[in-house]
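Below is one structure, written out as C-alpha cells, with a few remarks after it.
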Amino acid sequence: MRPKDFFEDFQVGERLITPGRTITETDLVLFAAFTGDWHPLHTDAEYAKRTIFKERIAHGMLGLVVGSALAFRMGYDVVLPKSFIAFYGMDRVRFTAPIKIGDTIHLESEVAELREKNESMGIVISHNEIKNQRGETCISYTTRILCGRRPA
Amino acid sequence: MRPKDFFEDFQVGERLITPGRTITETDLVLFAAFTGDWHPLHTDAEYAKRTIFKERIAHGMLGLVVGSALAFRMGYDVVLPKSFIAFYGMDRVRFTAPIKIGDTIHLESEVAELREKNESMGIVISHNEIKNQRGETCISYTTRILCGRRPA
Amino acid sequence: MRPKDFFEDFQVGERLITPGRTITETDLVLFAAFTGDWHPLHTDAEYAKRTIFKERIAHGMLGLVVGSALAFRMGYDVVLPKSFIAFYGMDRVRFTAPIKIGDTIHLESEVAELREKNESMGIVISHNEIKNQRGETCISYTTRILCGRRPA
Amino acid sequence: MRPKDFFEDFQVGERLITPGRTITETDLVLFAAFTGDWHPLHTDAEYAKRTIFKERIAHGMLGLVVGSALAFRMGYDVVLPKSFIAFYGMDRVRFTAPIKIGDTIHLESEVAELREKNESMGIVISHNEIKNQRGETCISYTTRILCGRRPA
Amino acid sequence: MRPKDFFEDFQVGERLITPGRTITETDLVLFAAFTGDWHPLHTDAEYAKRTIFKERIAHGMLGLVVGSALAFRMGYDVVLPKSFIAFYGMDRVRFTAPIKIGDTIHLESEVAELREKNESMGIVISHNEIKNQRGETCISYTTRILCGRRPA
Amino acid sequence: MRPKDFFEDFQVGERLITPGRTITETDLVLFAAFTGDWHPLHTDAEYAKRTIFKERIAHGMLGLVVGSALAFRMGYDVVLPKSFIAFYGMDRVRFTAPIKIGDTIHLESEVAELREKNESMGIVISHNEIKNQRGETCISYTTRILCGRRPA
C-alpha cells in the first residue's frame, strides 16, 4: 500500500500486512501496570495454571492496542491519509483466541467499504484481523475513519 | 453494585461509577512507547500546536484501555461474576471528545440487556461511557460478556 | 472483610487474604530502574550464581511495596476506612525469606490491636505477612493507621 | 564515608548525606503502576484538590524506596560492607511530612549502634532521615544489617 | 527517500528529514532509570538550578538514541536496505547544544559517501544532525552501514 | 580508581572495571519502546529465528547506553572530575559482537591520552570496551571529556 492524500486514494480490497511483534511476559506486566488491570489470569502464574488456558494469557485489550498500532509500521500516511479528519471508532471488536506469552502477532487489514458522506468528506471502513504466528485470528474488528475528499 | 456469582445476579439498569484517574504527559509517553504509536498529534508539541486541538491529546486507545480498566477498581467480581466465561468483545466504540493532558477521566457503566443464551449461559450487555472532569463523554462503547447461569 | 467507615468498624482478629501476583524478571528490572538500586544480587545473573541463592533474587523493598499494595485489591475502603486520617508508619519490618523470579506472593493481614487515641481518633494496628506460593513468610511487618471514631 | 569490609569498620556517629532526586509526576505514575496502588490521593488531581494537601502527593512507600536507595549512590560497599550477610529489616518507619511533585529528596543516615552478635557476626543499626529541599524530614526509619566481623 | 534494496540504490546527497518528538520530563526519568545514570544535572532540579543551564537537561545519550531512532519513522527499508548486513558504528559523535525538557527534536540525515568495499559489499556513510525546534544542532554524528551490492 | 578534582588527577593507563548487568528480554522491550525502534531483529522472535543470529539480539544502541552508564557505578567523581566542563563526544564507536538476551555485560575503560587544551582546561581521552561474560568485546568506543586544570 502507498501513502494517501484523500478518500479517493483508497480502493476497496486493498490490503496491508504488517511485520510482527512477539508478546512477552514484559508486555503483560507493563500493560497490567499501565491500566491497573492485574486480573490473576494475566499476572498470577499459580492461578493461571488452574484455568483452561493452563498459563497466563495477555489481556484482550493488550492485544488490541499493540496489534492495531502495528498498522503504523507501514507509515502513518499509508493508514491515515493526509486529509485525515477523525478516527470515528471501532465496531464488532471480537476476542476469538488467546494470545500467550511468546506468541508473535501481526495485523492484516483490508479496506472493506468506501462511503461518501458529503461533497467534502468520506468514510473509510476497514476490516482488521490480529493474527498469531500460526495464522490464527486472535482479534478482529472494523474501523471507521473520516477523511477529506479530493477537491474537484 | 455488589459482587456477583451468576448471570441472574445482574439487573438491567444497574449502574457503576468509578473513581477517577488524571491522564498525565507521562501516560501519553508510556502509551506511545508501549504501542509504538508516536503519531505527532500525541507526542510532538510543536506539531500539535498547529492542529485544531492546539496541544497534544491522548491516543483514543489510551483513553479506552485506561478508562475501561477503571471498572476493576470496584472489585473484579463486581464486574465479572464468579461464573465468568469470556469477554466476547466490544461494539460501537466511539471516540467523541479528546482527552487532554491533565484531564481526569472516570467510567460510568450500566447493564443494558440480559440475554439468555441457553440453559447454562447468558450474555450481559453493558453500555459504558468514559467521561472527563466536566462530565463530557470522551468515549462510549458497549461490552458483551458471557457468564454462567445459576444452577436450577 | 467489608468496607469501613470508622475506627469502631474494625475488629481485632479480622483477617484479609489477597489474590497473588507473580514476581517476574520484569519486576526486578523495573524496580532496579525505578529506585536506582542495581545491586548485582538482583541484576547480574553471573554474580548471583555464585551467591548462596544461586540466582537473582528480588529486592526486599520490591517485595514490600508490591506485597503491601496487594491489600488494595480488596478495595481501598476495606483497608482504609472512610474516616482515614494518616498512615503512621510501619514497625518490625523483617525480610525472612528471599523472593525469587517466578514466585507468586500474596498478603495476609490481621487486625492486631485497636487503640483509642482520644475521643475523636483511634489507631488500628495490623500484623501483615507477605507469603509465597508455598505458604512461607517472606516479609512480615506491622502497620499503624490513624482514623476517625464514630460520632456519638 | 569510606568503603568497608567488616563490622569493625563502622563507627557510631558516622554520617552519610546523599545527592538529591526530584520526585516528578512521572514517578507517581510509575509507582502507582508498578505497585497497583492508584489511590486517588496520588493519581486523581480533582480528588486531591479537595484534600488538605490541595494536590496529589507521593505514596509514602514511593518516598521510602526511592529515598533509601539513594544511599547506594555513595557506592554499595560504603553502605554494605564486603562481609555483608543480610538486611534484617526496618523499625519505626514513620511518614512525617508529605512529598509533593517537584520536591527534591535526599537521605541522611547515621550509624546509631554497633551490636556484637557473636564472635563472627555483628549488627549495624543506623538511623535514617529522608528530607526534602527545605530540610524537613518526610520519612524516618531505622535499619539493621548483619555483617561479618574481622577475623582475629 | 524511497525504500532501498542494494548499495547502488543510495545516492550521495540524498536527504531525510524526520518528524519530531518532544522530549519530556518523563523521558529524562525513564532514561535515567533504564541506564542507571541519575546524574543530578538530569534528575535533581535544585542542583540543576545552580548550573549554567539553570534547569535539568537531557542526557546526551538520551538525545542520541531517541534522535537516531527517529530515522525509522520513515520506514526501516528507507534507512536500511533489504541487503543490509551490519551497522558498523558511529564516528565523531558530538554533543553541541543541550536538549531541555519541552524541546522537540528531529533528525536530518544525508548520504555523505558511498564506498565500494569489494564486489559484493559496499559501505554507506551518512552524516546526521539531531536538531531542536529552533533548528539548532544538538548532536551530530556519522554512521557507517555495510550492505550488499546489486548482483551484476 | 579514586575520585578526581582536576585534569591533573588523571593518569594515562589508569583503568576501571565495572560490575556487570544482565541484559534481559525486559531490557529489549523497554529500549524498543523508549526509542521507538521495534526492528524485528530485536522484537520479533519468529523473524529473528531465521537470521544468522537465530534469536533476538539487543539493539547496538541499547548496549552502548547501558554499558557506558555502568561507569557511574564507580561514583560520578571517579569518572567525571569535580571540574568537569563538558562531554565532548565519542569517536570510533564500533559494534563488534551481538549482545543476546541473558548476556551479562560490563565496561572496561582506560585513560588513553591527556591533552592540555590551554592554561585552564584539558581533554581526557579514554578508550572503552563493553564486554560480555565470556570476555568478548561487544562494543568499543573512545570518549573525550573536557575538564578544568588545577590552579597553579
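Should a chain be cited, it is by its letter among A, B, C, D, E and F, assigned in written order, with residues numbered from 1 in that chain.
One rule holds for everything that comes next: a contact is a pair of C-beta atoms (placed from the backbone, for glycine too) under 8 Å apart; a residue touches a chain by one contact, two chains touch by 3 or more.
Since the structure is predicted, the reported quantities are computational estimates derived from the model, not experimental observations.
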(Q) From the centre of chain C, which other chain's Cα mean sits the farthest off? (A) E
Q) Which of these pairs, C-D, B-D or A-F, matches E-F in more than half of the residue pairs in contact? A) C-D
(Q) Rotating chain B so that its CA atoms sit on those of chain D: what angle is that, to a multiple of 5 degrees? (A) 120
Q. Which pair, A-C or C-D, has more C-beta contacts?
A. C-D
Q | chain C-chain E separation of Cα centroids, rounded to whole Å | A | 44
**Q.** Cα-centroid distance, chain B relative to chain C, in whole angstrom
**A.** 29
Q. Per the centroid of Cα atoms for each chain, what is the distance between chain C and chain F, given in Å?
A. 38
Q. Can you list the residues of chain B that touch 2 or more other chains?
A. 21, 25-27, 30, 33-34, 36, 38, 73
Q: Please give the residue numbers of chain B that touch chain F in the complex, ascending.
A: 32-34, 36, 38
Q) What does chain A use to touch chain B in their complex? A) 21, 27, 30-31, 34-37, 39, 60-61, 64-66, 68-70, 72-73, 76, 86-95, 141
Q. What does chain A use to touch chain C in their complex?
A. 25-26, 29-30, 33, 38, 40, 43-47, 56
Q: Please name which positions on chain E make contact with chain B in the complex.
A: 19-22, 24-27, 30, 73, 102, 104, 133
